[in-house]
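Two complexes, one shared chain (chain A), two partners (chain B, chain C).
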Partner chain A sequence: MNINRELLTLSYEQLQWLSPIAILLVGVLFVICVASVFNRGSKQITQWTSILSLFVTTLSSYSLLDTATPHLLFNGMLVLDKFSYFFFIVFNLSGAATILMSDRYLDLDEMNHIEFPILILFSVLGMMLLVSSADLISMFISLEIMSLSVYSLVAFRRNDRLSNESGLKYFILGGAASAIFLYGSALIYGATGSVRISSMLTAATVAQPSVLFALGAVLVVVGFLFKIAAVPFHMWMPDVYEGAPAPVTGFMTAALKAAMFATFIRVLIQLGFGKPQWNAFQTSIYQILWWSALVTMLVGNLAALPQNNLKRIFAYSSIAHTGYLLIGLITALKNQAVLGSTILYLVSYVITTIGAFGILSLLAKKGDTGLNVHDLSGLSQRRPWLAAALALFLFSMAGIPPTAGFIAKYSVFYAAVENGEIGLVIFAVLCSAISVYYYLRVIVFMYMRNPAEQATWRRPILTAVVAIAVVALLTIALGFSPSSLIEATGSLSLAQI
Partner chain B sequence: MDWLAEHILSGLVFLPFVWGIIGLLLPNMKDSSHRVWAFVGSLGIFLLSLYLYFNYDPAGAEFQFVEKTPWITAWGVQYNLGLDGISLWLVILTTFLTPLIILGSFTAVEQRQREFYFLMLALESGMLGAFVSLDAFLFYVFWEVMLIPMYLLIGVWGGKNRIYASMKFFLYTVVGSLLMLVAIFYLSYQHKLQFNQYSTALLDLYKLQLAGDGWFSVQAILFLAFSFAFAIKVPLFPLHTWLPDAHVEAPTAGSVVLAGVLLKLGGYGFIRFAFPLFPSAVIQYQMVFLTLSAIAIVYGAWVAMVQPDIKKLVAYSSVSHMGYVVLGLFSLNMIGVTGSVYQMLNHGISTGALFLLVGMIYERRHTREISDFGGIAKLMPLFAIVFMIITLSSVALPGTNGFIGEFLILLGAWLTHPVIAIVAATGVVFGAVYMLWMFRRVMFGPVTHKENESLKDLTSREILVLVPFIFMVFFMGVYPNLFFGKMEPSVQRLITKVMKPKNLNTQTAAVKVEQQNEY
Partner chain C sequence: MMSVEPWIILSFAALIFVIGLVGLVVRRNILIILMCIELMLNAVNLTFVVLSKSQSNLEGQMAVFFIITVAAAESAVGLGLVIAMFRTLKSVSTEDIQLLKE
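Coming up: the complex of A and B.
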């Protein structure tokens, strides 16, 4: 009886915990209504109501940030803790930034349809549910809410073959990954008799976990590795990134990756990690991640070297960053106290990529062209501020101080050295020395080559410029005074439920 | 006023950058007036740095003008600046060279002057910051930040092959410094283990106890990680290959900063970090570095000898001269180390001036091939005189600054290892050969090329740039005690940190020079 009542009625307190998700849900429904009522010329209204609901959600998540103990809702299907609320803010702000920066890009191809912000809102909603899922079923459902919206966003340039191709590719391969994840969940259910992730803890931490459970857990891990595009499950990513509209690529690189990583961390902690004593099963999961990190860094950085398309460069660089993030993850497996460094890395990576793709959205020409490195020739003379901002983001990705990227790399690598992963860190810094080459190559084109032809330039709307300026300032500010973010991320921890 | 005096180093470090930003943002300023803006600013900064000279007390504390505020408390990073007798001179060298370089580029840089002068000032900020940082993290930040303006200076305003050269420069340095970063992580972690709190402050790290026996002890590996970064920067044979490319392609201003100041950061890094942090490893690897530096001296001289391009010749002479610096440092005695620090200043003055002179003739003829010249002395007598003085300083003629440095270094090396000193001393001879031979081919003989006949002698602006260099060549050559007086206590402290007291050779360089003068 108790269970039923909880499913049907929420106490005021519970509703308060749930408020960010509820607000965004109401917001997205409201936006749909608004969009259909103001059928013509509704573009601006849709955009601004979407941004408004994202900001209100951010505020409500912010107000809940001091949550001390995790709250379980819906009979343990959702868990709302500081960790989830922190990531709510990240998702909502990157969604808002994406909408702000996409306006000019969508206008160019006359595809500034009302669906764009709505799909962004839905995927943000999916991410929020995903990161607070405490149950394999709700995790799967929210994963699909997020992914389906993003599949359609990838194929948003509906008259373009490349965009459609990448949408389809992403859909099929993403579907396969979801299937693997679901199969793993089914095996875990078979082994433990429950889909709650809390049941995983007991099954994983016994001296000899059952083969069924171990297989299920490995499949779930593989599903996640696919979604974060870790080698050898990265093949889909460059094509999808290249074909997707530039702002969507930015959104995927930033928010989607953050969501998948955050959930991945939650699942891994629930598998009994976070402290140094492991059984054989945990050791083998650790080894899978360790090798994956190593190969991901190497392949991502090497494959980025010969690329000429900016989106592809960023795609491979995103794979490389997955590798660095995996180092952070591995470190957090050994010692949960350093979890904050991985989150710090995620946040600064989100900021940097949102900014970089915002600039790409401004630079793109009609039909998603104009995004090869040689199109940037002499950009510093044509658009000095834009070039300087892109250079800043590139230096941040390369980890050159004083930028957010340097602080992030410092914190992750430092934590790894502290927890006995020196070999991996030395490998990582050598890989990031390789990465400097392809980031600098873009700067070479912008600063050291003469402009090719006088390109036509359509002025971006003011809000996009402001958004990029804010992101650029954040990148520098984090480089100079990261203390507050270090504290904020350091205070996040995941309790085993 | 007190507040200003307490934050003099911060002021000095950030003023160039702020001045540059203001210049960059000033609207409606003609492109050409930026050079005046930058020159005035850098001159003011030079005058400000003289305050340090007059107020630095050699008998006082190890580090003076110290500023210390917590920066990133979670990692124990402090914003910690301070100056000792060694960095004092390197700071003054930087602030001395920058206005002269800017004045020297007035006509050389025609395109995008606004950005050029901003980058020069930003570079000055980075270099000054690296010289006064007393925190490993802060040092690393400045060390890397400095790369960006230098990279752009070579890549945007450089010669034909500039992109290749700038990329090579950046990648070389980054590989070295990233390994240093891992070593910094490890040191900070060790501090946490031994003192139960994170810290990257240098004075805290000096207290660490690290296992130091053998070729692959903890100390040795950390020492190698740091040394790798510094050896690339110096550059020490066999890691020098980026230098000739960078020098040849860089604009004159870039070459002067590179030779004048940037290379010194390598030597300075040894002094500030590698030596006091890893004393046992230094002694363990002393022979390796002595050998490499002797090879660098001789090899650099040989390769310089056959260069057809004047700038490349000067670049390889840098490899040779910086070899002396490393040789002196690793002799690990008072005389050698003092000589090294002095040689760093000398090299900044003489090689800086050489690059400026090469730049001046390049501006007139747009070539640097030695074979394109000949008989220049007849056409440009003033230029020839200045070139002669600087050449003689570079080959270490007694009475010029170069002599003091090289003499002390060879003496110091002799005390440690006579064979190495003998090998290195041949470098002095080869040095005289390539410099004087180049001078003869460029300056004397008949005028073989028609184009050269219309060459004009130095302008008054160029004379203004070169006079301070000539003055310093002789001043440092005849009155080195002014410099030694401030730096010796610091060098003494350094040696005490590395060597056990009984091995100390306490005879000071000043005494040696006095003896020498009596002969």
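Coming up: the complex of A and C.
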């Protein structure tokens, strides 16, 4: 009965491993207390305490980053390894950046409620638990902690019809995706007798996995494809992105996608890839992902071409980037040594989108308007720095050197060619060529059109400027000297547990 | 005592799940769509319980308690969103939603 003892006690060492999650949990509760004690005049205090707790969590994850072996906690429900700690840092920093950039945007519509930072904190907590869960049930629960907060964030502009509709739409389709994922977990449980993902490995690597298991695994994969908005499960994404408040859209594109992808990688590795010989089951999962990557790139890039709303453009471009990331994922399944390039792509995409949406939140007018391409006409004359930064982020998304996006794309495509995915890479490069059109179109409007007579943009506040400047510097710095991040991501590996 | 084969209940649960999924796509009333999500989650619960019983392993029954809790939280948030939408839209039908193009 040693299992029970382990469940009831946490040694000092285990508590240390758990400290980022524990700190953020205490932080959220503290922020709630602060918010209710100071009641209404407490926006500033709530924001700064939230940012403080996110930064402390980042520091604590950073100090644990040199963890060598994975630590299993709570009877194998959570696994804390270098991979999880690395992503903790990504989630916390993007949460902090979102709060910093959203302040003025929320003030405009008089909806700068104390709940905003609290919901961001809760969803970051859910992401942290999600990426470190080693059990399909804890994965489901943390997925819901994350998603429920984000559903409310999407509908945060509660007097606005569009925001409510998109929140509800996201809720319905997200709920369906969770249910599909859960049904898959139930079938896997039936086939393996356990909900731990460690038991999936033994069931998946036999010559002929049982039908129950295969069906369950496919449903779990479909659930994930839904959440990362891969075609053919992408229909919800543009509408939700358009209706959500701009900072929330940025948070979803960056942190939410990173969380889902990281967890997806963890689950897929556990399905027994990484061995030279694949059985029929693994081959079919591979084929699902291969076709999904192909169609996702095509649909994302083509559908972005006629769009005029910036948020919609970024939504479709986000779908296209999901396709590129799926190429990285497929390559990592063939050869786990190149997992680092996929993570590099994920990180540089997170940095770029956080910056781009930060600028969109600054440019948005009252009622979330003013985000059409035409509204940006002549931005470079009125707000040259913002225009330059947005242009930089667009170049990074398009993958033009010397930006982080170029390095990321280069390393993913290079790894894919090395591992025999030449056809997919050629297709991806063609798709990126298409994508340059809609990115450059925005830049053309910013730099080569004259501003309308009455066109003005608010003066950005200091905190947002600092946040955007840091993100922009990171984008350029990674473009010029990516070696440190390549090294950091390259050292991340996912052991099969 | 009469016993029921597990596969009968499993296929029953699968049927409920499919009904929920189809209802989600076909129905136009948001409250019914919320019920369909609950139906899907409860089908999963039933599957977990049957599989847990047939393997005499308690992990699945533990999972059910968590799922029930999460489902309750989910419907609380969902109904909150419906109310927020009803305030601005004055309707609970997805046909009145401009954005929803399911």
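Throughout what follows, the second predicted complex is superposed on the first by the 493 of 497 C-alpha atoms of A that agree within 3 Å, B and C clash if a C-alpha of one lies under 4 Å from a C-alpha of the other, contacts with A are read in each partner's own complex, and residues count from 1 in each chain.
Everything that follows uses one rule, which is that a contact is a pair of C-beta atoms (placed from the backbone, for glycine too) under 8 Å apart; a residue touches a chain by one contact, two chains touch by 3 or more.
None of the values given here were measured: they were computed from a predicted structure.
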{"item": "Contacts of A:L168 with chain B and chain C, given as first, second, both or neither", "value": "second"}
{"item": "Touching partner for A:P20 - first (chain B), second (chain C), both, neither", "value": "neither"}
{"item": "Which of chain B and chain C A:V425 touches, first, second, both or neither", "value": "first"}
{"item": "In the superposition, chain B vs chain C on chain A residues touched", "value": "C"}
{"item": "Which superposed partner A:G490 touches (first chain B, second chain C, both, neither)", "value": "first"}
{"item": "Partner chain(s) touched by A:A155 [first = chain B, second = chain C, both, neither]", "value": "second"}
{"item": "Chain B and chain C contact sites that coincide on chain A, given as residue numbers", "value": "none"}
{"item": "Residues of chain C defined as touching chain A within the complex", "value": "10, 17, 20-21, 24, 30, 33-34, 37, 40-41, 43-44, 47-48, 51-52, 55, 57, 59-60, 62-63, 66-67, 70, 73-74, 77-78, 80-82, 84-85, 87-89, 97-102"}
{"item": "Contact set on chain A toward chain B in their complex", "value": "381, 395, 400-402, 406, 410-411, 413-414, 417-418, 422, 425-426, 429-430, 432-433, 436-437, 440, 444, 447-448, 481-483, 486-487, 490"}
{"item": "Contact set on chain B toward chain A in their complex", "value": "71-75, 112, 137, 140-141, 144-145, 147-148, 151-152, 155-156, 162-163, 166-167, 170-171, 174-175, 178-179, 181-182, 185-186, 188-189, 192"}
{"item": "Of all residues in chain A, those that touch chain C in their complex", "value": "137, 140-141, 144, 148, 151-152, 155, 158-162, 164-169, 171-172, 175-176, 178-180, 182-183, 185-187, 189-190, 193-195, 235, 239, 242-243"}
